[in-house]
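Order of writing sets the labels: A, B, C and D. Residues in every chain begin at 1.
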Amino acid sequence: MIIITRPDISDDELDHIRERVESAGLHTHLSRGEHRTIIGCIGDESRLQELPLRTLPGVESVVPVLKPYKRASREFSVDRTVVQIGAGATIGGKSIAMIAGPCSVENREMLHETAVAVRDAGATVLRGGAFKPRSSPYSFQGLGREALRLLVEVRAATGLPVVTEVLDTRDVDLVAEHADMLQVGARNMQNFALLAELGRAKRPILLKRGMSATITELLMAAEYIMANGNDAIVLCERGIRTFERATRNTLDVSAIPVLKRETHLPVIVDPSHAGGDASLVGPLSFAGIAAGADGLIVEVHPDPESALSDGDQSLAPSAFAALMDRLSAFAVAAGRTVAVPAGAPA
Amino acid sequence: MIIITRPDISDDELDHIRERVESAGLHTHLSRGEHRTIIGCIGDESRLQELPLRTLPGVESVVPVLKPYKRASREFSVDRTVVQIGAGATIGGKSIAMIAGPCSVENREMLHETAVAVRDAGATVLRGGAFKPRSSPYSFQGLGREALRLLVEVRAATGLPVVTEVLDTRDVDLVAEHADMLQVGARNMQNFALLAELGRAKRPILLKRGMSATITELLMAAEYIMANGNDAIVLCERGIRTFERATRNTLDVSAIPVLKRETHLPVIVDPSHAGGDASLVGPLSFAGIAAGADGLIVEVHPDPESALSDGDQSLAPSAFAALMDRLSAFAVAAGRTVAVPAGAPA
Amino acid sequence: MIIITRPDISDDELDHIRERVESAGLHTHLSRGEHRTIIGCIGDESRLQELPLRTLPGVESVVPVLKPYKRASREFSVDRTVVQIGAGATIGGKSIAMIAGPCSVENREMLHETAVAVRDAGATVLRGGAFKPRSSPYSFQGLGREALRLLVEVRAATGLPVVTEVLDTRDVDLVAEHADMLQVGARNMQNFALLAELGRAKRPILLKRGMSATITELLMAAEYIMANGNDAIVLCERGIRTFERATRNTLDVSAIPVLKRETHLPVIVDPSHAGGDASLVGPLSFAGIAAGADGLIVEVHPDPESALSDGDQSLAPSAFAALMDRLSAFAVAAGRTVAVPAGAPA
Amino acid sequence: MIIITRPDISDDELDHIRERVESAGLHTHLSRGEHRTIIGCIGDESRLQELPLRTLPGVESVVPVLKPYKRASREFSVDRTVVQIGAGATIGGKSIAMIAGPCSVENREMLHETAVAVRDAGATVLRGGAFKPRSSPYSFQGLGREALRLLVEVRAATGLPVVTEVLDTRDVDLVAEHADMLQVGARNMQNFALLAELGRAKRPILLKRGMSATITELLMAAEYIMANGNDAIVLCERGIRTFERATRNTLDVSAIPVLKRETHLPVIVDPSHAGGDASLVGPLSFAGIAAGADGLIVEVHPDPESALSDGDQSLAPSAFAALMDRLSAFAVAAGRTVAVPAGAPA
């Protein structure tokens, strides 16, 4: 940590700052410039995080030198992490991972129909909401346990592993018993009680970026889960909140290469929530893959017009198949591959 | 709800849209302008909320007519809500409510010392964190249950009712047994599982605005709690996230008069988190009261330099007393009063 | 325009609103719902733009029906616009346009060296700053007229048409005499005096999106130029300002498909300013092309370490050539082509 | 400037960085910590501003030590600046300055009527737009020169000095001949050609913050004017652009105390543009004064419903008088005074 002092700092103030830092077990090191004296703090920087150095008399600003995340950082792992989902799917390798399925599990028929359609088009993981975080208490809140049972059934029928969101610490065990991957939604990215509980779960986690979370905060949310024991995490960029109103959110496509630089964890893109509009799913999917994403998570519904949630941004199965068709050229351009669809000839 | 159609809409598309709306039990009403045909939807608008009308062929945009919140809306209650905290304190009446205390309960001595100091300076409610939402898993996470016991002790000693944050649905009952008011932090404003659980609690709720939550979303979070049975809610503006980096957050002071227009619930301001700097607490407190806030929540620590959390933005007791001194003139200018300090002569 | 009234509107208020609208020459049309009365305004909506309808007693909100831009809108032109730059280059057709060159023209040698290098790698237009908008008055402000002369010289030597920024209404004629295309920088996107003057110039305009401009405002800026007589405009997405600090700006990649839906004008991406970091230019370029952009504008410097401005985000010629190499596969995936480099075999 | 290096930096990279810094005439100073080596750069930091140090091999980040503004900084002037407007008005002293008047000068009668009304209510400077920056080319653009003549006439009649906006470098002399203070609008805050020209004007400048400008950028815009010779500058906070849609902009009330800490220049608030709604002008005015602003600039129109621009946010004269009535108590609470209205008894 580096402390930049004010031009008018007194010797007493300077001594006091150094004592505070040294009392935390670090060494200090002065560098006197023409206009400012700089205090370098050498040692275990994490011990300073709790100290309110910035408002000590004579301090102008405090600059951390180390990144606050450790296990999530690029330096922590020589190899990039590849996350295993169920028996057959992975996220993070050369192949682009495709997660697809309905926003909400509405009933057995629609889930099964969607699962078969997306599998045959090349999806490798099925998504489907059981517990839905809805901004209105009067909206459809998901089928809950019943949806979990349907996900298990459809997994058995189609072979696709399933990912579903968990909203409540009390539901973590239940959801982990049924699903192959647990999702943390954007609104819960800093629900630290939930993150800690998921650190104790024996399932990989799909962690969505909060709508106003910085990239550093996203990595700290991953760090929470990892510090509690679970290293199998996939990060998901799903659009951030900005002043622009033409789209539901603003896809932060730059976050993909920045995350690739900062962490060993895989990164996917959610083009459905980012744009909030079915007509934008294609361009945002292509952009995400072009920028280096390891996969996509796309909302698909057999009949978007009758969807109980997110119909505006859901693709019909035929549109999803068309997306997959176009996607492979972008994947190849990015030096990646797309999984061969289950129904395709060898 | 009003549906604005595209200039090139076909009759079939128009019919299809009307059928979708009418199948939800509403009437439609066409208004043909020179460039656009408008479809008015008359009836229970909430039935349309789940329909993905925006992406139907021929639709350009969809404009809701009604506010999504009901119980939280200004029309719902003739009178402004006054929330009772413990036996003696209220928020929402003519008197400015002052909540003050440490970010975290660190031990009995510091909590007691702070409580006596803020009470004597005019605070009416004591704050103190037991379960702390920290962005790093390696930071101090609060004393938990032990802190709850200390809050009860100090309440008994000082007469101040206490407010503390709850992070986990599993802790709601426990916290409600100990505290007089339960706080939802900014990061949990859209933790819908927690909001629903708090709707069933028998304590008033202090609901902080999420750092990128719109005013409408804040009111929908209140609606969640109210729809689940708890109408005693105090809203708190604590700064939003913007591009500006000179302050920790940007206090949205305009939200105060907007909330006063939109809801009957009381509104307070958190100047400590908004500015993130002890030197800004005064100006932001005065601005909040001048804009019409019903109270403030301020972090106070006996020795901010040694605080285990938020030391940068905490006031020493003497600074809090000085703040209270200056505050009353602003309160009077705003047509309000400040409670007479417990220690003051009658 | 549609006026949504308050639930408690009186008949007098309603009459007053209708009179105001009708006095502007439009008809009104009432639609009475269960909770609200809606006033449809039929006729020339632009006449209402100046009326302060929103604060008339009884009005809750006002919803415009028509887009505020006309000449820039998709409906205005059957065909997508292709902008001609100098004799040989175009932006907007099937081929991806590549604009490249130094941030600032520093001297003849560096400009010539860069121009030859980018042309041989496939660039079709040369960029180079003469008048530089610098956030500090103490920074290098560009060579001005001397730079214009150098651009003309290097154009003659390399055959590349040139684009350069104009900052001041007084310089428009001068710059138009020297350059093939005039650039409006992000900070001047709403410099309406400059936009109007550029409407009278006989050169195509490269219009950059302001850093907090909405897509609608960008189109209104184009409309300003078009309404003053110049229809040859290329729009440029160069990143918007958000809370995220890991990148200089946030590339709004979604703006590309949205602009393609809203306007007939071509759209390019500036990956250099968006990311502010040479290492991000590749991923953002690929993402932009994948999302449907018609071209890119990239900063290239013979020796970025010694650049007088924007060295952090400039590519060396070899890095630019490598970018072009990888780019063509993305262009093909997007159904586009990249111009064959001047130096390539036929 | 401090350079934080990567953990894996090589000795050659370290040497190269030092050479680059030293070639600019500064000394370097190494501080080796456990995880990182820090390079302190001692000497004239401004020489490093143009160097692209951030992307040199081995560099992780670069931290400036000095503020980029000099003349605008708090250290530059022992005393706070008081700006003189015309013969009698000042901004920056103990008395709160009130600038009021119509958005646009529409005709002689309305300007005169407004001027008399605001003067009698306590305004000390008259505002009135001659050249209007309008987001649509089809909107009323102001009366231009005719408006300047009317401002001169009404100044003579009422004794109020006048402030009006200048949009074009070509108009600076003309406007300076007529007005007592020249305004730079939010959209031109980084129109550097205009700022430089205003540095050469012999009139004080009212500099509005750009809608996405940081506080540092606002001060750098002031620095541009000052570096070109004009030190009489009043800064104006008028709301910034955020995600919140309930208000036209978000008044950044925290900017007031931050600016008071960073600069000696006076700071006023524009509550009319910040909120965009007449009903918010009161609360935002009070908040601004409570936070320490030196004055306000308020839009007043004799009949807001018929205003040619900004009618939604303009106060009628009676509402302005009521505002002034309530304002003085807040001014007193803030340790300030409000000028005694011209029409008031001595």
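Quick note on the criterion: a contact is a pair of C-beta atoms (placed from the backbone, for glycine too) under 8 Å apart; a residue touches a chain by one contact, two chains touch by 3 or more.
Keep in mind that this is a model prediction, so the values were computed, not measured.
The chains that touch chain C as well as chain D are A, B.
With contact taken as defined at the outset, chain A and chain D are each touched by B, C. Comparing the CA-atom centres of all chains against that of chain D, the greatest distance is found for A. In this assembly, the C-alpha centroid of chain B lies 39 Å from the C-alpha centroid of chain C.
Our note on geometry: chain B versus chain D, Cα centroid distance of 31 Å, whole angstroms. Chain centres here are Cα averages; for chain A and chain B they lie 27 Å apart. Across the assembly, chain D contributes residues 212, 241-243, 245, 279 that each touch 2 or more other chains. By the touch criterion given at the top, residues 212, 214-216, 240, 242-247, 250-258, 261, 274-275, 279-280, 282-284, 286-292, 326, 329-330, 332-334 of chain B touch chain D in their complex. Note for the complex: chain D touches chain C at residues 20, 46, 49-52, 54-56, 68, 131, 133-140, 167-171, 187-188, 190-193, 196, 210-212, 217, 220, 223-224, 227-228, 241, 277-279, 304-305, 307-314. Interface residues of chain D facing chain A in the complex, by the touch rule stated above, are 2, 4, 7, 29, 31-36, 38, 40, 42-45, 63, 65-66, 75, 212, 241-243, 245.
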